[in-house]
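Think of it as A, B, C and D in the order they're written, each chain with its own count starting at 1.
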């Protein structure tokens, strides 16, 4: 087991202690596993709370701050957090304007956030939820798709709206619009190793890749012989474009996230982005903004995902709005 | 070979095409391998040029922009760039105020930058050089130490001074002061795989680690059985503190960089940072600022390094000054 | 009639079985899930054991409700709310009686399993914990032993199934040929019940 | 006497040898370096071959100076400036003569090797290309064949050495037991010279 950890049991708590040490602007409750923006309540804004299993860093804790999340609830590695965490986060950030839960579409996340919402509403908070389900690799109805890279788009854009003082209904509507406008597809060049298991989650022989993977070390839909980046980009982009978004201008420009799964060098990721940009140009899809890096990861998995969001002027304006979090910063 | 590439031969050019697509604010000459800040000459500032082998991304191209580098010259993977690149970069950024070359201390980088400086001076440019040699793992005199994580400190702080309009001598003096105030130590949990070789650069059995590695896939000084993060942190921090910096207040606060080598998940890196912070507290070394992430990498190596820079008020002020590059952004 | 102590022993026996089988549950969750089911169950039932020891609830219903609440607060994932709901709902059905009959327990478990199906939007055949819970609880009308065995058989019967719920669903056809981790832990729960019922 | 064509054939033979041995050079650079020496040399000498074909310089000195400049502009790393300087300096020593004697070539190579030592701040025994270049060029006074063999022996003699220059130095004691990649490529260069000299 090649891990820079103290023990599998303490991984999440240790990381939270490190976040607390590195980011004095965040209030990190290591014991109760909530990361809160210190000034969350100061502006009388709508609160934005997300969370999910750990192992996807910088998602979600790295997106807490000005113009993005008010709080994040990290669960155990690849395990949804418990309702107590979300309730605590909601209470900590609510400034009377209500709270939006950003939920990736997994049974565990959905059920735990649902229970948290019930508890919070019992305590008199106004709660809205948005479900992120962008991964086109999952067959079946959109309701069954997983949430992956689009989470970043939803959190950034809803966060910008909340920062501007938009009311809960509008923040929630925008978040839903972004979720419905976004589609993703991921590819693994290696499995990942969870601290608890200590060995790769699946066996991928050298020279093969998995198409349509998620962000929890699950294998994908299909195994193929290794391909050049150019062909992987074509496959991923075409898979995304084949599944029309439910919202957003059908032939408008896109926000593109070319995301590393954790262990793919940035050198390779930029090379991959060149191919993604080339395929999009070929398909006549203008790229309004591109973000390249490790943002929604799967521990030490090698691989990448492509997320496209059909963006109108309003979404682009909110995307460009200032953000200041550990992992995403601009304009301020 | 698990790589997201088209071919080993095109890796660097492909990545540069991707950078060009993702960062319109940079002028990327893919053919000639120079990344230049579009407004490099606009302010009549001192130019700051760095470069080195590729495979350390975001170093150096990701640090080109406002308040940091004026230009970067990426070589082949782990191979210093050629003098032609540096000469071209110097010419492209010189606004009559001279140019500072930031050189990591490797035979190849030193010799190629030396030749470039000669050529540039023949063309009438004023060139200063600063050598970064922070890695205490290398035995012998300081002049023999490698340059690693401190490069980020030097580029950020010298870049801030240049942005403020400081003259060449002062920018160079500050850069040297940062270099002399900085020390690093690195640890590998796995080797890395270069595209050209296609297999790991050394053999590290599961359950062992390499102490004192560099950033080019070289093995370290010593192999040890795997240890908990807490012990690795103690070893790394004590190795750094044992080698007193040549400059900087001996017991002042430090800038700390807890750096991932490329394939170590951010979750682990934050946990490691918690331990680094704990050891520093134990040793009575106050941490003024901490940066945690993958900044000076070694392709897909798992592992980390710790860099400490003894910083006075002036260095801290310049560290905090606004910066806007692909990989480092704040205050603007 | 079964008193609070019986239910505490049931929970303790489940905790012991989960401890024993944790690695296997995580292994099962690896090819078709995210390799955490054993760790999740272990964290949850360790907490259940501790909290029952500390608070010592005095009725069967109170034991199960506290156990369920504890699972919800400590497990996370899909299994936390599902198992938590199973025990909470069963405990609610048992009310405040100091002792409950085997019939009452069977009825209550029926309701509990129904609550799981409702919360998860799932049915037997979907390759989930329900494939062990439903046949197991049905066999309670025969004996506790039969229930444990039926749950075990139900878990094994998930091997050839195509997953329609939970993470295994993402794999489509590739989910076939693997035993569902949640069905496996459900068999442990009903096996522990058989064990303490003697 | 040796004319420009002889020098072009030397460079072409070196390019061929490097092409043949590139993987081995990279392999050697792997345990004690950064696994790029073969790729570096191949990139450099491929460019040298192309540029010599394209420009066809007319004198021995011009061939070597152009080859050296090309190495500097295409190789990078430590070996680019070092081999570039070796050829440039040797070429400068040969001046503008249309033909040069074997003695003149030997003298010029002496100067070239000296320039490498000066630029690299290194000496024989440091486990670098000098450990092949120095004995190789010294043996030129016997014959070209002897020079090639001596360079080869010199490269092999680097195996037990402790590195004092270049990346291998970072390894300290662990550099012992591996052959230096630069010394190995230097033996190719002098081997190619022996080959074309017949």
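As a working rule, contacts are C-beta pairs under 8 Å (C-beta built on N, C-alpha and C of every residue); 3 or more make two chains touch, one makes a residue touch a chain.
Predicted model, so just to flag it, every value in this text is computed and none were measured.
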Given subunit B and subunit D, the chains that contact each of them: none
Shortest path length from subunit C to subunit D (each step joins two touching chains): 3
Gap in Å, rounded to a whole number, between the CA centres of subunit C and subunit A: 31
Centre distance in Å when subunit A and subunit D are each reduced to the mean of their C-alpha atoms: 53
Centre-to-centre distance between subunit B and subunit A (centres being mean Cα positions), rounded to whole Å: 29
Contacts with two or more other chains, residues of subunit B listed in rising order: 77
Residues of subunit D whose C-beta touches two or more other chains: none
Overall pattern in which the protein chains touch one another (line/ring/star/complete/other): line
Contact pairs between chains, per stated definition: A-B, A-C, B-D
Complex interface listing, subunit C residues touching subunit A: 26-27, 30-36, 38-40, 43, 72-82, 119-120, 165-167, 169-172, 174
Residues of subunit A that touch subunit B when the two form their complex: 1-7, 10-12, 14-22, 54-55, 57-58, 62, 77, 189-190, 206-207, 226, 228-230, 232, 258, 262-275, 277, 287, 290-292, 294, 297, 299-300, 302-304, 324, 329-332
Touching residues on subunit A, where the partner in the complex is subunit C: 8, 53, 75-84, 106-108, 111-112, 114-115, 137-140, 144, 146, 194, 196-197, 201-202, 214, 216-219, 221
